[in-house]
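As written, the chains take the letters A, B, C and D, and residue 1 is the first residue of each chain.
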Amino acid sequence: MLTYIVRRLLGIIPMLLGITVLSFLVIKLAPGKPVMLQYSLNPKISLEEIRRLEKLEGFDKPLHIQYLNWLKNLSRFNFGRSFSDGRPVTEKIIERLPVTLAINILSLLFIFAIALPWGIKCALKEGTFFDNASALTMFLLFAAPTFWLALLLMQLFCINLGLLPISGIASLDFEYFPWWKKLWDLGRHMFLPVLVSSLGGFAGVSRYMRSNMIEAMNQPYIYTARAKGLSEATVIYKHALRNAVLPIVTIIGLSIPGLLGGSIIFESIFAIPGIGRLFYEAATMRDLNLIMAEVVLVAILTMLGNLIADIAYAYVDPRIRYGKR
Amino acid sequence: MGNLLEIRNLKVNFNLDDQVITAVDGVDLDVREGEVLVLAGESGSGKTVTALSITRLLPRTAEIVSGSVMLRGKDLARLSEDSLAAIRGKEIAYIFQEPSSFLNPVYTIGNQLLEAITLHHGKDKEEALKEARELLALVKIREPERVLLDYPHQLSGGMNQRVFLAMALACRPKLLIADEPTTSLDVTVEAQILQLLMELKMRLGFSLLFITHNLSIARRIADRVSVMYKGEVVEEALTEDIFKAPKHSHTRELIRAYEKIGRL
Amino acid sequence: MGSKRLLFGCLIIGIFSLLAIAAPLVSPYDPSSIDQAGLLMPPSARHLLGTDGLGRDLLSRIIYGARISLSIGLIAVGISVAIGLVFGAVSGFYGGLIDSLIMRFVDIMLCFPTFYLILAVTAILGPSIFNIMIIIGLTSWMGTARLIRAEILSLKEREFIQAERAIGASSSRIILRHLIPNAIGPVMVNATLGIAGAILVESGLSFLGLGVQPPTPSWGNILIESKSTLGVAWWITVFPGAAILTTILGFNFIAEGLKKKIG
Amino acid sequence: MILQVKNITKTFIVERGMFKRGAGLVRALDGVSFSMEEYSALGVVGESGSGKTTLAKIILGLIPANGGEVIFDERMIADFRKDVQIIFQNPYNSLDPKMRIINTLAEPLLIHRVIPRHALKERAIELLRMVGLDEGALSRYPIEFSGGQRQRICIARALASEPKFIVLDEPISSLDLTIQAEMLDLFLALKERFKLTYIFISHNLAVIKQMADQVIVMESGKIVEQGAKDAIFNSPAKDYTKLLLEAARGW
């Protein structure tokens, strides 16, 4: 087990290298000089000034030197300053990260808490009205653009029914609330964002769980379990379920990029100050340092998510944990 | 000798998307107390479906259209799912063709074996473990302690079939149904498993319904042979008689083929 | 079941494609002409789906939007399938070092949540229709590459490929006459789903204002307005979204039907 | 000598579970040598994992060996790919599911330019008749045929280029008993008709006894015993051979 983990951890190094090189190249696609871009809005800066700044930031050096310098800074979590307000990029991201992580983790929990039992139920009722109706629903959820669903839900809950606040993560007078009211307030604000960011994943995971379960129920060992005289409940929940659930572990890892990507859209719709919205703002303002920092960050988060899921899967599946004798 | 099991006019259909296929078409079959009955036939002849129908272990698409399955006077075909579950494993046990895929890959051998032991008799853990070791010794597994902790994929096909046999015999069933249990094994291992099976049958006195396409096995172990062809039993006779004087044309064809390629 | 879905999907996509191609003939108004009679008019006989905030006919804008959205979907997937096919086939057929290099590259690409990468590149290169097609294509080929590689690896193990080699068939003959015809089915399914995915990405991008730029109508950018008209003009939210939903459903139905057909 | 196999070794790398260190090496073949006379029939018998199939693939050049060599006598084998053919165990996997039978049969004819294009169809029909099928099969797909029929088509394809040497790798073990018997008769008839030299690989000693005049017994990649059929069956020298015979005869 230990050797496997060490091997996987070592595997991160080339991945990190690849991720940073690719991110670096993406930014270098930019036509024109970055410094120009940065200060182009500022008419007071002269051409000489720009040259000087370029030298200062090392933009006159060859590409690989620039990359190495950038990498050196990166290893110290120094992504430079934001073009828009001059604050350190790292600081801006750290400030915004908790909200995004909280919503995504809540979504993940929400997805799995509902999608797994739902998928199992569909599998056990394969071909019935319930199964077909849920298949259709999931199909629709899969096909609907998230931001459109968000708009419709906002219309319904916030405008027609007036039940929920339309945007933000807290009320204006949040600070003066007692703790229970704070919690309630947060809950009301978080409800729609978490729901919206879960819907797509929910459809995917429940369909996946359903097909895994159906497959497991058709395996030879299910005949064995029945032939032993086990009750149908034991057959399903001991023998089929364990086999069907194991591969789900890797799905958690795979759903991370989707969730993080979705953050951009729903955070900007619901006006939530997370890294998704930060990225959106950076993209509209062409704030290169910030864009680059976030691209690297989400890629690393994704990679770590996959890594953890892989190791977890290898651990829970005895066929991988123990080889042949 | 009396009949342990009497199957009468069994008919099983498979309801597929666009058609109905009759897999078993009016089968009568008797298994006598303590005998070895070989159910022989080629692929698709309906022998496995017949065997699974006895305790209704069929896939969802299958449907028992008619027939009775009497076990010592009790009609299994009319029993509720719960009462049938009480009979499976306890009075009628199965072993299958590919032991490695018929064992659950995510549980240890010990777990699966203990399940079989404790299911029909409430035993405490110590007792059950002792029983498990004895069962493994019964099927001549040398390192029972180690095997109990192993997962199926860590054992060879032959070992898994031994484990399977131990599991099937846990409740000392009256009838053991073996569906091509040696087909996926090498010939030398096949010989060992068959020998073990016959030894255990002598010791424990169960009846054996053995399903195979391999007539040389039939010749070796059977008291009687039933031949199935296209969902029907076309011939049933004492082993000696059927090889000496086969009556049905399909049996003759089978035996001719066996003489050519099954017999050394 | 499979063929019914396939038919239904083809019907939906067929209708949208026809509308898109014949946009100038079938749309009741020019998509950018402004009706002086009023902005944000609800659906009526004059404007079947109502008008937008500038008084433009919503139906006409959706019909013209179909042109943009469908062609972006189609071309982006064309690019991504082409790249995926080459990488996947090379990787699967030759194996060894080149295979591990390509697959590591795929792993790395997959670490970038597509939307971040696309947004980063559009932010830098500027959002034009052309850029969007290329960028979506360049960032969505990894699934296809993996699929093709897996298909080819499993086909290579099949005995009929060995038998072909035994009768002396050349590598190119095996690839062209045996591997590709047998691997193409899953690729078609994948590509159909890919078109749906690309249309979704485009609409999201345009909705954020970083995709197709107004006044050119696309389904995503028509919806931008709905943020500010929520509760005032429901039709601006409902109809373009429904167009996206139906199209995606159509492609998904085709994919499902194809999958069943292939077996 | 039509075939000489000299000291073939082949090792495979296998992953042994993720948490056991590194990969293991498995010796699939270990110093295998034998030779064959023209028009002779060699039976190779062994259990799973004995290296039979690996040997077949190496002889055909479908996978490379790690050591040793396979020599076909140049005077007799002019064009390796045309003159040496193989029949696999699983007929369900051996035909391209997307190809009509006529195209499958035409492939070797086209590749080796055995006959002019316009005669292709006629030749394909002839091939089908040879293996007991008729021209109705031409425009159909593999899925429309039973296992036995598919194996017949595989034989027709193998014979299309008029080979001198055929490797039969468990060619009947996935078929029903009665079909197996028919296939053996077909092989024997074709052997006579085309003056074939062949290697027949099987785990079934009874089949080997009928199909071969020389026999090789293999176990874990090595040749345990080789010799004339009668010698092997009547007075086996090695324990393993005895064990196999005993298992096949019953106890």
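The rule is simple: a contact is a pair of C-beta atoms (placed from the backbone, for glycine too) under 8 Å apart; a residue touches a chain by one contact, two chains touch by 3 or more.
None of these values were measured; they are calculated from a predicted model.
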| item | value |
| --- | --- |
| Fewest touching-chain hops separating chain A from chain C | 1 |
| Most extensive contact between chains (C-beta pair count) | A-C |
| Centre-to-centre distance between chain B and chain A (centres being mean Cα positions), rounded to whole Å | 51 |
| Centroid distance [mean C-alpha coordinates] between chain D and chain B, Å | 34 |
| Interchain centroid distance [CA atoms averaged], chain C/chain D, Å | 48 |
| Per-residue overlap in chain B, given as positions that touch at least 2 other chains | none |
| Multi-partner residues of chain A (at least 2 other chains) | 322-324 |
| Multi-chain contact residues (two or more partners), chain C | none |
| Interface residues, chain A side, partner chain B - complex | 218-221, 223-232, 239, 242-243, 246, 317-319, 322-325 |
| Sites on chain B touched by chain A in the complex | 52, 55, 57, 59, 81-82, 85-90, 93-94, 96, 98, 101-108, 115-116, 119-120, 150-151, 153-155, 164, 167 |
| Chain A residues touching chain C - in the complex, by the definition given at the top | 14-15, 18-19, 22, 26-27, 29-31, 139-140, 142-148, 151-152, 154-155, 159-160, 256-258, 260-262, 264-265, 268-269, 279-280, 282-284, 286, 288, 291-292, 294-295, 298-300, 302-303, 306 |
| For the chain C and chain A complex, residues of the former touching the latter | 104-105, 107-117, 119-125, 196, 200, 203-204, 207-210, 220, 223, 226-227, 230-231, 234, 237-238, 241, 244-245, 248-249, 252 |
| For the chain D and chain B complex, residues of the former touching the latter | 47-48, 172, 176-178, 180-181, 184, 203-207, 209-210, 233, 243-251 |
